[in-house]
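For reference, the structures are reproduced in the following blocks.
In what comes next, subunit A is part of two complexes: it sits with subunit B in the first one and with subunit C in the second one.
Up next is the complex of A and B:
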């Protein structure tokens, strides 16, 4: 068995550690490129969700590299994510690829059956203790890949040399691929933090514009798909925070692992949206409100062009934007999205935020005058 | 006299505005880009030089439009801004009480909502041709009506034929159908103007409060048929203003932004730029499946700037080496869509 899985930012780093320790031979998915997207778009039904198309492209490229078993997460709810695996399996079968599809179903249907599935995959030779240890390490690695990306987003507008920041982050991500123990991981975390602290800063957090990112789990995170909006914002001198995370996404599937933050997000969204609309619709609304409460200057909403839950969220966000006086930029991403238009819009959005900040500062001064 | 230069290089047209400190336009021009932005830039500079007031001094330069970065390097810009901000700034300067801006160009269209002199919201359409000037242009060719006559003809019609204009392809077949049914050209042209207006509103204005005064700018604003169609759409209840400078608003905005930016010493390269030798070329990087199209600007043998690399691996010196190694794989870049001169009316 030679297994593979789809890309989702740095998920491949974590899974690249997990599977081999379990004795599963893997074919790491080739880097996600324009060609991957082309393949997926060509093979998938035209009206399929964009993330489905891209992950399908991933699979085809991996199969051509020798993969014969595909892992895919299943989903729940009224949106189409639940069918991804099935549709992709049918398409690949039609194309004549002889592959085995393993759907890792929602662990809500039983964590034991989940571990059981992993055990069967490993041929029953690996002890449960070892599975647990390997999973824990992979989990920690995944968490750290998100932490380091969060640091990169926040620091990009502050550091003197953006290339030095990228070098630290990329170097760490490469080192993480070879981690074998928690001790080694801790060493990497420590040295990375040190390297980041050593970067000279030219600005302070208080003086820059702050933008939060909300949206669909795939498009809002996968920078190879969303034209790296975070980087673009950072280069324009904006401090960026992203509310979307794979770790949170996985934790959220189980009631007892839900983070307090996530519960809070859902509570914030409740005045606007009471029903689960599938995908991350509720999270997008709740997170935008949280950014408003944190005093952020604006929000960027990233979603696949035809994504139903996010279109619902988009409508509600228009109201949120009015109620909280929070500018929101909606960016729909699919194979037709043009980079030039996207850059123009993001630049114009940052101009709007800048002008608002300036006039607000002025009006605050004005208020002080009237009261003195 | 302190002067400020604004340059707007779009894929179809290139605009120049020379402005004084009171934001008054001293000279302006509107040229076809014709797939060669560098030549268009040089032509524009020649024009501005010819109309340059004696005793004038350029204090700052701003560029905008899809080739703003390239223009910024060739002309020497102090500020490089996106088209949305540039258009909004010009509209606010021209009509301070403006609340909405419609901008329709050849390849894209924009809607900008302004409140109290500040941009509050905007939408931009770059995907669907049915809300832009190229929609009209294509249909004009089909109908064999010169695009300059389009507006006049539309005004002649007493009623419009309803054309399904959600997408250019449908519009075309529907138009042929209506022609076969015996409708006159004027009515069909009027119908097309209304279809474009419906598209513009549907694509950009859903969920946005369109309040007047509306400033309508961009090349298409010269078309009286479209202006009338907008009036009819709002049942004559909204004030629509088409400023005489509607064609060069982007360049004007760039000049205003340059003045506000107020550099101590401008990077302007001088009018002698027209004598210098620039070329813009491209090659496809094959180092990974992204196959990025690397576009670079060269002056004589020196690579001045480059764009298009996703991973950031290309620097001017690396590109320079590459060109020396394999001069064969290079091709001259043409910006935007290829268009035959005769078929392309001036719309941007």
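Up next is the complex of A and C:
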């Protein structure tokens, strides 16, 4: 068995650690490029959502590199995601690829298929203790990849040398691929933090614009398909926070692992959207409100074109934006989205935020003056 | 007075909802059949990028909201165990509330959700809505029972080959034809003859009757659905796929082709269409399949041309295959 899996930002780093320790030989998916997208777009149903197309491209590229077993998360609706695997399987079978699809369905609804998938994965030879240890390490690594990306998007507008920041982050990501123990991981975490602290800052957090990102779990994170909006914003001098996280996404699949923050997000959304509508629809609404409460200057909403939950969220965010006086930029991403157009829109958005901030400052100064 | 917008699941549950409300002593008004103004409003005030059927629905909400005291917008999360309706329908009451600034008091809603709890979740939803009109739970349950009976009768009538809009508006029915096409798609596309440009009538004029998934026995549909490794989790999509599979496996010589009405921005349709098309290929089905996108850009002339071409194809195939058969049978 030579297993592979689709990309989702740095998920490959974590799974690259997990699978080999479980005795599974892997074919890491080749880097996500224009080519990957082209392959996926050509094979997938025309109106399918973009993540289905891109992950299909990942699979084809991995199969051509020798993979014969595909891991894919399943689902039970209401959104399309849970049906990706089925559609991709049909397509790959019709192409004549002889591959095995292992669908990791939501354990709550298919505990048997879940356990079976794990069994097939490990061939039943690995001791449970070892599985637990390997999973724990991979999990910690995944978390840290998110932490370090969070640092990067927050620091980008503050540091003197952006290239130095990138060097630290990329260096760490490479080192993470070779981690074998928690001790080694802790060492990497420590040295990375040190390196980041050593970067000279030229601005302070208080003086820059702040933008929060909300949206669909894949497109809002995968910078290789969202034209790296975070980087673009950072280069325009904006402090960026992203509410979307794979770690949270996984935790949320089980009721007892849900984070308090996530529960809070849903609670915030309730006056506008009373229930879960699949995907991250309700999270997008709740997180936007949270950014408003944190005093952020604006929100960027990233989602795949025709994404169902996010379109519901979009309709509702119009009202949130009015109520909280919070500018929101909606960016729909698919194979037709052009980079130039996107850059123009983001720049125009930042301009608006800039101007709003200035007038607000002026009026504050004016008020203070009258009072004195 | 309570208003029901004529769109989306209206075509499925009209009799249920109407009877339920009337049994509770409520006066019901339904928005008029779709017209140009309704579509225009839906397009202008809806959400850009949302599917056409939801836009039409929002147009209906606008058309009726000023004439009624309340809007009836049940949240139909699921009407089948382990299944869902589409995310947009899940969020529909919230969408209406936020887009049009309608206060929650004016919206009669309740979560009807059979997914995990079956009939219990169904009843809870109607109890919640019924409580807006009466405190007597017994009365609500009685109203629901009547409503369910009416719904059953309605669904049974559909099985005889009548389309929802003919029943709802007592419109003239089309006379059955010998040759048929299987017309698949969400009922709100098939049964709103304004937005689908009278497609059933057009097919009829070209010499064919239609069979839709609503006309087929649900149990048989479910049986054939289980041929799939994993069915979808959308009830209507499952019914569409199950019906397609049924006719793929159990040939009906009168059936000459498949027409699938879809919306461009529809999530479920985008995947379901693919499954059906691939199954047709795999079963080396020779009956032609036509996918038609119905939305604000669909032109009547274009639609007719495509239908005519499709009919030609069905006829050619029929003649071709028949002569083939007879020649191969010849000694």
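Operating definition for what follows: the second predicted complex is superposed on the first by the 359 of 372 C-alpha atoms of A that agree within 3 Å, B and C clash if a C-alpha of one lies under 4 Å from a C-alpha of the other, contacts with A are read in each partner's own complex, and residues count from 1 in each chain.
To be clear about the criterion, a contact is a pair of C-beta atoms (placed from the backbone, for glycine too) under 8 Å apart; a residue touches a chain by one contact, two chains touch by 3 or more.
Note that this is a predicted model, so its numbers are computed, not measured.
Overlay on subunit A: subunit B and subunit C fit together in the combined arrangement. Once the two structures are overlaid, the count of subunit A residues touched is higher for C than for its counterpart among subunit B and subunit C. Once the two complexes are overlaid on the shared chain, A:325 sits clear of subunit B and of subunit C alike.
Within the superposed three-chain model, A:45 lies in touch with subunit C and out of touch with subunit B [touch as defined at top]. Using CA centres, the angle subtended at subunit A by subunit B and subunit C is 80 degrees, rounded to a multiple of 10.
Judged by the touch definition given at the top, the superposed model places A:308 against subunit C, while subunit B stays out of reach.
When the two structures are aligned on the shared chain, A:90 is found in touch with subunit C, with no touch to subunit B. Legend: residue contacts after superposition of the two complexes on their common chain; A:36 is shown touching subunit B, with no touch to subunit C.
By the touch criterion defined above, A:204 reaches neither subunit B nor subunit C.
Closest C-alpha contact of subunit B with subunit C, superposed model: 5 Å. Overlap of the subunit B and subunit C interfaces on subunit A: residues 315, 318. On the subunit A side of its complex with subunit C, the touching residues are 45-49, 74, 76-80, 82-83, 85-87, 89-91, 94, 103, 109, 272-279, 281, 305-309, 311-312, 314-316, 318-319, 332.
Remark: subunit A residues 30-31, 33-36, 315, 318, 327, 336-338, 340-341, 343-345, 347-348, 351-352, 355-356, 359 touch subunit B in the complex.
Of all residues in subunit B, those touching subunit A in their complex are 66, 81-85, 108, 118-122, 124, 126-127, 207, 288-291. On the subunit C side of its complex with subunit A, the touching residues are 46-47, 49-50, 75, 77, 82-88, 90-91, 93-95, 98-99, 101, 111, 228-230, 232-234, 264-271, 273-275, 278, 281-282.
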